[in-house]
Each structure stands twice: as structure tokens, then as C-alpha cells.
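For reference, the structure discussed in these notes is given below.
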Amino acid sequence: MKILIQEADFDAGAELAALGAGSATVGGIACFVGRVRDLNESQGVTGLFLEHYPAMTTRALSEIMEAASRRWQVQDATVIHRVGHLKPMDQIVFVGVASCHRGDAFAACEFIMDYLKTRAPFWKKETTRDGEHWVDARASDESAAERWK
Amino acid sequence: MKILIQEADFDAGAELAALGAGSATVGGIACFVGRVRDLNESQGVTGLFLEHYPAMTTRALSEIMEAASRRWQVQDATVIHRVGHLKPMDQIVFVGVASCHRGDAFAACEFIMDYLKTRAPFWKKETTRDGEHWVDARASDESAAERWK
Amino acid sequence: MKVRVLYFARLREAVGMETEVIELPGDKSSIAALLDLLRMRGGVWGKEAAVDSGNRLAVNQQLAGMITPLQDGDEVAIFPPVTGG
Amino acid sequence: MKVRVLYFARLREAVGMETEVIELPGDKSSIAALLDLLRMRGGVWGKEAAVDSGNRLAVNQQLAGMITPLQDGDEVAIFPPVTGG
């Protein structure tokens, strides 16, 4: 298991390659890479600021990954989340899960993303032509997480 | 949309980066990378031979990707499948989907994998210490595809 | 009328050939008629061309069922359930 | 007893501080008692520390509910619903 919270960009290809590397029982890796869009709540987003709660972030992500491991066959998993200042098209999050079973890799990866979105202490502030504003949580993210119960 | 059938290995990181590149409306990319395991039907798999039906393969994959695009928001998609001789831990398949919505990216990616497994004309022959044998289709793959109906 | 028939994977090895051209009576035919003709060869064909063989079919590179009509020049592929990915 | 309270994101800006130490009466307390005390400050606190503010809570870095007990030295975080990923 690997968790990184960092301002720097990440190399998604290298992270994919490292997942389950050296294990010939890994059948597949499911991964998700989130990118900053130029439209979210507002049109014309020019920048994004990511705040987090340092003392809690890694712990929250670790608990989410452990919950996924209890539920599905997870041979290896990586979560990377960027913080600080980002701009449209920047990578913001990487979640990757290696498993012996394809269905487990997909489910665990999507579960981690859905829980990260609703349980991990990150907050986005968008910059647009009209100024800055904090992004509101979306009910659709909450219902995506609820369906795993 | 990009479909490649090739003997050569592929660079999953480069494929991920290329998906939806230059589009600031892409919110996320879901991808799956399949690897050759050293246990499948038999223990101690030392090699795998992938046969396909060249005239049909690209067409079948294209139809599967189009079906995914009709059902979900797909901004870009890539499928790469290797053929010929592979060995344990080799990459065998890459499926990546870029979408404005995370849920759509995950669903379309898993749908394409499930349909590829049951509708695209590839056949695996395993080599073990005891010789070679053609891999039997698995009922679990068929039921994975059936659940999308 | 003539159709080209292709065999793949385990089936290709079982029947000992990759492809052949088969002449069918009349101007129009069907998958069922083709399989009838193949079964009459006996040997492995009796099992491999059986309706319940488990083998899959494609006509002109598209998955097809038993009642699919055939025309002169069609490409028919017969193969075991696929196992890619 | 004392607890450290942290505020994040929109809430941090609304209350104009990142963190403070708050003294609560007695040896044991609760999230509900802490919020009561914050609301009594009036102004933005009336809304932000309301039971139905929509803000979330964590005690010692774990998500917590209103009835969570508090002990001396606990770290309490109050923040809007998260929006990462």
C-alpha cells in the first residue's frame, strides 16, 4: 500500500508499472486518474487550490484502502493526491489497485475513489474570472459512496 | 478512439497521458491493464500464446467501444491487445476511457473489458511444464458481461 | 455457391486446417446447412460441427447464430469461446 | 479541560482563524457542548456551529458525530463537506 500527498505532479505510468510489480499472481490493475477541468461549478476555471488536513489525510486514506482490502482481493494499491495550486488539465489524483481478479480491481478502485471524494479531508477552491470560491460538495458524490453500503 | 492489435509491448503511462490530452473538459480516466499470470487453469504457466482473427478483431473491438459510447459519456478511449508469444508478468491488454464523469469512465472501461473477454476473437494457449493447452472460457466472464444487459 | 470457412485455436488444431472453401448447393444457404455438410465428414467433424459443440460462429466478421443466412462469397468463421483479455 | 479546535477551507475563512485552544468545563465533555459554546459567540458562529450547519467533524483525525465524547487534549476539526478527488 502506498499513499502520497504532495504538491508535485506524479508519473501515472510509473505508478501503474510499480503496482504489483514482480508478482506473477497479479492479473490486472485498475486505475483512475483525475484531472482538473476548466468547468466545474463555474465556467472558465483558471486555477484550483487544494487544501487538506495534514494530520488526518493519510490516516483517512489508509482506512479507506483497508476497507477496500477487507472487501475485495487487493494485492497492491496506491493513492496519490495533490494539494496546493493546480491548473486545468493538471493531474490531481491517482488511485490504482492490483488484484488477481479483474472485477475486484475495478470495484476496489472505484470504491476508494468514491470514499476519497466523500471521506478524505480535501477541499477545493476554484479561481475564475469573477474571483475565487470554495467548491460545494455534490450530492451525486455522496450517493456514489452510499451505494457501496 | 484508438485500437491497436500488436505483438510488441505498450507503454501504459503514455497511453494514459494521451487519453483526452488537450481537453480541459476531461475529469478523469479509468484504465485497466491486464497482465499474464503464472497460474491460470494450471500452476506453473511459463508462457502464453495469443491467437486472434485479424479480419474481425478490430471490428469487434470497435463495436464494443461504440456500444460503450452510446451508453456512457466517453470523450476518448483506447484499447490495445497483444498477440503472439507472451510470458508471465507481461502486459497483455490495456483499456482506457476518458470522461467528464468519473462513474462513466469506470463503467465504460469495465464494460469494454467484460465484452472484450467474451466477444472479441482472441484465444489463449498456455505452456506449462506438462505441455501446451488451449485455455477454456470461464463462466464467470460470461456472467460479468451478462450483467450489463 | 461457395463460402470461405476459417477455423481458429483449439478447433483449428482439431480439424487440422486453418481455412477451406466449401461449395454449398443452391444460391442461398445457411449456417445450419454448412454445419450439416461438415458433420457428414465424420471423425472429429461429428463433434466439432454439432449444434451443441459449444463452438461460436461469425459470418463476415460478425458474431452469428445458427439461422444466419449465407450468400456466395461469405466468410464464415468457426471457433471455440473466446479467451482474450 | 482543553481541546484544540481546527477550522478548514470555507469555514476557516468565515471564522477568520485556523486553530484555537478552547477550555471546556469539567473533566469530560462532548462535541455538542463544544458547539454550544462556539454558538454563544454570536455572529458567524451562530450559523457555522449550528447542529444543522452542514459542517463535518473529526475528533483526533477521525470522522465523528455530535454525541462523540471529548477528553482533555483532544484535537477537534470542524470543516465543510469534503471536495477532493
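By written order: A, B, C and D. Residues from 1 in each chain.
In the analysis below, a residue touches a chain if its C-beta (ideal position, glycine included) is under 8 Å from a C-beta of that chain, and two chains touch if they have at least 3 such contacts.
As the structure is a computational prediction, the values presented were derived from the model and not from experiment.
Q: Hop distance check: chain B to chain D, minimum number of steps through touching chains?
A: When the steps are counted carefully, the minimum from chain B to chain D is 2.
Q: Rounded to the nearest whole Å, what is the centre-to-centre distance of chain A and chain D, using the mean of the C-alpha atoms as each centre?
A: Here the centre of chain D sits 26 Å away from the centre of chain A.
Q: With centres defined as the mean C-alpha position, give me the chain A-chain C separation in Å.
A: It comes to 48 Å between the two C-alpha centres.
Q: Provide the C-alpha centroid distance between chain A and chain B, rounded to the nearest whole angstrom.
A: Once rounded, the distance between the two centres reads 23 Å.
Q: Return the residues of chain D touching two or more other chains; collapse runs of consecutive numbers into ranges.
A: Residues 85 of chain D each touch two or more of the other chains.
Q: Would you please write down the residue numbers of chain A that are in contact with two or more other chains?
A: 34, 102, 113
Q: What's the complete list of touching chain pairs for this entry?
A: Between chains, contact exists in these pairs: A-B, A-D, B-C.
Q: Where on chain A does chain B make contact in their complex?
A: Going through chain A, the ones touching chain B are 11-14, 16-17, 20, 22-39, 88-89, 100, 102-103, 105-106, 109-110, 113, 144.
Q: Looking at the complex, which residues from chain C come into contact with chain B?
A: Residue positions touching the partner: 6, 8-10, 13, 58, 61-63, 75, 77, 79-85.
Q: Where on chain B is chain C touching in the complex?
A: Where chain B meets chain C, its residues are 34, 50-53, 55-56, 59-60, 81, 92-93, 113, 116-125, 134-137, 141.
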